[in-house]
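Chain nomenclature is as follows: A, B, C, D and E, assigned in order of appearance, with residue numbering initiated at 1 for each chain independently.
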Amino acid sequence: MTGMEILLLVAFGGVMLTYILGRISSSLRNTFAVVLSLVLVVIIALMYDKTGETIFYRGFFGIPMSFRIDALSWLFAMATSVLGCLSVIFSLSYMSDRKNISFYYSMLFLVNAGMLGVVFSGDLLSFFIFWEIMSWSTFLLISFNRGPAVAAGLKYIIMSIIGSMAMLAGTISLYTNYGTLNIADLSHLTVSASPGYQLFLLIIFGVAFGIKNAVMPLHTWLPDAYTEAPSPFSAVLSGMLTRMGIYGFLLIIYVVVGAARFLHAADSTVSSFNYVLAWLGAITIVIPTFIAMLQNDAKRLLAWHGIGQGGYMILGIAFGTNMGVAGGIFHTLNHAIYIVLLFMSVAAIQYRTGGVRDLNSLGGLIKKMPVAFIGALLGICGLIGVPLTNGFVSKWMIYKTLISGRAPFLAFAALIGSWGTILSVYKFLHNIFLGQLPEKYRDIKQSPFNMKLPIIVLSSTILLFGILPGLPLRVINKIVVSFGFDSLNISLWGIVSESGMLNTINLFAAILAGLIAVWLFFRIGARTIPVKQDDNYAAGAAVPRDRYSYTAKYYDPLFRMISPYLKDIFNTFYMKIADLTGYLSNGIRKIYTGYVGNYVMYIVLFISLMIFVQMKWSPW
Amino acid sequence: MHIIELIFSPLLALLIGVFFLGLARKVMARIQWRYGPPVTQPLIDIIRLLSQKSASHGVAFNIGLVMSLAGSLVITLFLPFGKIAPMSNSGGMLVILYLMLIGPLGMAISSGESANPNASIGISRKLLLAMGYELPFLLVVLALMTAYNTTSITEIVSLQRDTGWSMFTFPLVLSGIAYLLILPAMLGVRPFEVVNAPQEISSGPLVEYGGPYLALATLQHALAFFIGISLFVNLMWGGAANPVIFFLKMLVVFFLGIFVNAVFPRLRIDQAIRYLWRWPSLIAFAGLILVCVTGS
Amino acid sequence: MLKQELETTFDNITIRMEKKNQLELSITKDGIMSVLSFLKNKGYDHLHVISCVDWIDDKQLELVYILSAYMKQDVPGETEQLNILLKTRIGRDDPKYITSIALFPAAEPYEREIHEMFGVDFLGHPRLTPLLLERDYDIPPFRKDFDTKQYVDDVFGSVPSVEGEDKN
Amino acid sequence: MDRNQLKKWFQNPVKMAHKYSLHVVYFCTGCGIIEIPPSITARWDAERFGIIPVATPRQASLFIIAGYVSLKTLRSIIRTYEQMPEPKFTVSLGSCPINGGMYYDSYNTIKHLEKYIPVDGMIAGCMPRPEAIFVGVTHLWTLIDKDMADGYKRYRSNYSAYRANQEKILGKLEWPPLFPIHGEE
Amino acid sequence: MRELELYYGPQHLGMVGNFSLTLQVEGDKILKASANPGYLHRGFEKLMEKRSWIKNFPMVCRINVIEPDSMEMIYSMGVEKLAGIEVPERAHFIRSIFLELARVGSHLFGLWAYANMLGFDTVAQWAMYHRDLVLDLFEELTGGRVYHIYIWPGGVRRDFPEGFKDKIVKTLHTIGGCVPDYDSTFFNNRLFYERACNVGKVSRAEAMEMGGVGQVIRATGMAYDIRKVEPYAAYDRVPWNVPTRKEGDAFSRIWIVRDEMIESVHMIFKLLDEMPEGNVYNRIPNPFKWRIPEGEAYVRCESSRGELGLYMVSDGGKEPYRAHFRTPSYSHGLTVLEKALEGANISDVGNIMMSLYVVAPEIDR
């Protein structure tokens, strides 16, 4: 399988080349970046429907490091590369007036390459290495803007290191037990393991992936990181990078441990783990969605939704039926599409308004930036799960699983989460695009073409996957089958299950017919006269300039009711611990110079020491 | 036959909805010692509105409203009216629940575009109220779906033919009571008429609608009324095999709603949410637990 | 009783009580605030109205503060029945006076109105913005030399009829 | 009342609907406040004829100016009238909008309402009783029937004259002209 | 943070009368409210200076369109005080009965407005219907539905016609018979309590500071009623009570309105019983030549909304030299309302305003 090696070579080579080219000429670098990201997309697209494994290096203490590809990794790789490509295109003008652009691009490619490495790695060692590359380059990108961004980045990397340590411990334990780290081999070997050991593996890897995927008690890094990162990277971060946690969960539950085989056994401890995970998913849906309602920062609002939507994926894959897993994976893909779209819309607004993302000070931009509005509208429709958008299909699958699995309370959490979503995203849409346009934005321009292009592409994808969900579901069905589940009954436009069916093309036809009929009816009436926003009812007075828009405290009555209950207690808890640690280790603080490179050095030293100790004396 | 039903059922729903609006005005008038307008008054209003030349605030102002009415029309294809349910095999209760979003969302976008703070306040109230009643409503619907082990509304209706009305069958009694308690909120009648509240926020989302826009909004309101009642009859009062009987059941629910409308003032929005999240939610929650305990 | 106290406390005060329950006090313009606070302390804490009379022949504006008492006991007595009319005169040209909001917050709209209708400036008043009127008037409209009939003929009479144009 | 004559409905549904669905936006200018409520409530019940008050001018088709018009109100009245969708009808109640009535020498009320906005019907009286309001409405029906309730058309064709009158009395208006003004373009 | 300035009135269904409030809003809370009157300003007090003493009657009754009779009464009282005219005893009784009937009508109008603000259409319509029954009595007695010009310096214009007493009793029984209906649907309605309790609270100190009278001050526990404090007409001839409550919120103010209506009805019955026979009118001089001696007078009476005052100056001419009405809504609508709306919910604007019983034309005059 030379394809994967070439791919990673291109991906990692591109990182250096971008930086070097950036030193020569910025336009050359930009062209190269776009070409490179397109090449990655093409290469991965060519690898469709291949499975296999190839060892590329044996040198690391004799552990063979390998790549593997199957439907699961292809799907994630494809999504990663496409979104990376769109993000690069989007960044062209967004980042154009910043410093250190070459560094930004090369780090973006490094993140991309790291993610590709993660999804293609065939053994847990290379998985870990690529995981670390991904995490560290992410840290550098989150802190790109300096100031509060560095704090956000540190929060991220500290939690990430905790996760990595957990993962490392699990990896080492697997190696000592079975003498191999190859995923395919492990999946055969762990079948015979004791349930206790399986549970240990699930929990220890679950912590690692739970931190990455921001499952509820481990989510605290996410809001700050999403908010402070450069917006095009926030898109990548929320769309794919965070969802590497989902990939990890899928890998550990359904490939390494193979929980599918245990799920329906009555006394299985694995199934109880899945149940706990599902409840964590449900909590992750409800609480962040309600917290999102109270946010006034556009990106932070989306960030909390990022956490909440992660809950749906966890809920789907943890519930462990074929439709649930398929729904979870599909939702991961859909979420990537619409959250990237939403972040890009926000970024377009930020680009034109000079970085404003405070929901209380924007408004009325629909007339000025219609493309961004369409992007945001379809994005929130997907996020809510309005029929005919992709989010509807995946949420439908998850609800269906929960209801036919007789878990009405989990289904209730998921459904009420959707309703909470409507409230907050409508506020998002209203406060940015609707209402009165502030005076200072009267002369604002449209976003440039390379910002519009990704928005248009992603918007149409949302509708395409919503109307013809069979396209992605075919790939996902392969994944589900490869996990050992029954095949789903999928057609191009819908799903049939024992307790009901979904036919999106009929729905599409009905809604289209309804729209046309109503439009015609509307047009029977007299022609309407377009008026300016100042020509507005103000109880007989003239509209006061700039003081006639309801944006601040949009859901004040609800806010008063729920805000006492919805503090982010976990974040406070962790910050308290952090303070306490800092207080206790005042003496050690001299080592921490505050320079990031030093931290990297310490950690690399620590990891190598651990590995060395393990290799030499194998105490675990 | 199928094609006829497809075209016929939304029109029937519109007709019944508009009839209900007219009847509501007549009945209210009679309670208030008045003679009242003719039942056809909403129809006259709609004709008049369509011929008026109103102000438009932009493309989303038009599209949102059209989307809202179209979404509501599509729901009627999924809801059984007696035995008429032309699209019930394209999706069940979950699709209906989600299609019910399109109406408010379209209205929200449209009136948000109108750039009037009264409209924005109205929309914020509408979404909050929806949040309020959706909590118990989802619990009720989940109890039904769990009890009958299906997500298809036609199956729920046909199963009730064997067991009797779900409101009066044992594990669903509590859910039925909870549904009855939130029904005024779902219909938007008076204790919960916080969205339009002409005396407070100048009819809220409708503030900038005139002419054809108001005609569409009136039709949307009529349909929402129809859908709310029809859903209740289907889920709790056993639907009907016969459209006429179904209509009579709807009429009974309609009168209940109007009487409640006549004897209560309007609540504040926070009081409305507090009410909806207290008793109806608790009862619905207990109902779901009851279903889970007895069902398996 | 009150009469005697007033006479002993203030020098240049004129007290008349000709009609039933109606005590008329006149004082020079700098004495008003002290009399007001004196009366307030005596229990006359209800400021009914601040009125203004334009004595055009004397070239003076007369400010009238009308006070009475809120109920201090269950059965109303003489205190509650008494209406006190406290009057002072100020010059008619460029009239200025000090505000009594600190003593009686209820005075705020009355002073605004007098400012608008008689052109009296109340120093220290937080918002002397127009209260009732829409147009600017050269002479404040409640003054005696403002001839409404003349004004109406000038302003409203000069608006042409549109229907006349219609026929052309 | 020809509301129940189906033939007329088929002949000209728009005109009939306009007659029997008069949604009112009203200005309680003074005395109007006192006879409008009885006529829309239980005793006289204007809703019988499809007349109900609505919240905003956008939703209305009939504008009732219920009494004398002070200058401050005139500004709001013009704003409200311009925001109503066409076709729209105006009816004034009482003697004061006709010629100033008992306020003939008041410095703050306008004397002839029709100089500032077109008025389709004027109901005299001080105050007109609810019965008079209904008589006025039936008269308006006749006018609509005969296409003579054309105030909004007159407003359009004479807009510059109306606007000039409005600005003469109120000073510069805050909102731009509704229609293009002749002579400026 | 973008500010929101919300306009409440003049063209607003939640506004009874032509009045405007500009609300600074954040979320659903009102930060600051400023009243903006003047939409009804006609300059009555100026116009009165140009009209003779008697020609001013059509003017004064139009100051308050809801209850014109108390305006006639106060003007008559002022003229009587300035000119020193005595009123026959029977006229005092008739005046009292007439004013109490007007109070019932006015309170029913207020109930209509208040119930309307809460979206309580049914009760609003009933109240308006019952008010019309009272107006029918007026029409029979005076010939006018709303404006009566019945009370006159020196008495009243006309004695009660034959059988009019019975008609009053019958009408009041009709209205009184519906009090249980009103109670069960409105006054004892739990939702009315929820909406009105603790809303628009005005403490006694605040009310006294800002010149609150009528229901505003009586809702804080002070039985301040001019009919008791400085009795006029025949109010000291029969026993009656001043209803008060302690809370000072909208709920208690509306309950006081209800209790006052019932008290008025009882008072009318007592007055009808004790009404003496005799003359109802002391002749005044020829109105066209009537000059009133130089002097000034301040008179006050209790209208349905609270204490009403009139300051009148005569320079011995045919016309008043100056007349200034102190209307209860003036301080309620400008000072108390602004204060009560601070921090209130935007749903409660109409609620608070109509519980303060603000009548716009009274403010503007």
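To be clear about the criterion, a contact is a pair of C-beta atoms (placed from the backbone, for glycine too) under 8 Å apart; a residue touches a chain by one contact, two chains touch by 3 or more.
Note that this is a predicted model, so its numbers are computed, not measured.
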Chains in simultaneous contact with subunit A and subunit B: D, E
Centre-most chain [mean C-alpha coordinates]: B
Pair exhibiting more inter-chain C-beta contacts, D-E or C-D: D-E
Farthest chain relative to subunit C (centres taken as mean CA coordinates): A
Most distant chain from subunit D by Cα centroid: A
Separation of mean Cα positions, subunit E and subunit C [Å, integer]: 23
Whole-Å gap between the CA centroids of subunit B and subunit C: 59
Centroid distance [mean C-alpha coordinates] between subunit E and subunit A, Å: 66
Separation of subunit A from subunit C, taking each centre as the mean of its C-alpha atoms, in whole Å: 71
Multi-chain contact sites of subunit B, meaning residues that touch two or more partners: 32-34, 49, 51-55, 117-118, 121, 198, 202-203, 207-208, 211, 268-270
Set of subunit D residues in contact with two or more other chains: 41-42, 54-58, 70, 72, 75-76, 80, 83, 105-108
Residue list for subunit E, restricted to those that touch at least two other chains: 4, 10-13, 15, 25, 28, 38, 41, 43, 46-47, 50, 125-126, 129, 364
Full enumeration of touching chain pairs: A-B, A-D, A-E, B-D, B-E, C-D, C-E, D-E
Of all residues in subunit E, those that touch subunit C in their complex: 37-38, 41, 43, 45-47, 49-50, 81, 208-211, 217, 222-224, 228-230, 295-298, 300, 307, 309, 311, 313, 321-322, 324, 326, 330-331, 334-335, 364
Subunit B residues touching subunit D - in the complex, by the definition given at the top: 25, 29, 32-38, 41, 44-45, 47-49, 51-55, 198, 202-203, 206-211, 214
Of all residues in subunit C, those that touch subunit E in their complex: 18-19, 21-22, 24, 45-49, 51, 53-54, 64, 66, 68, 70-71, 74, 76, 80-81, 83, 85, 104-106, 108-110, 130-134, 141-142, 144, 146, 148-149
Residues of subunit D that touch subunit A when the two form their complex: 56-58, 75-77, 79-80, 83, 173-176
Touch list for subunit E against partner subunit A, complex: 1-5, 7-12, 15, 20, 25-29
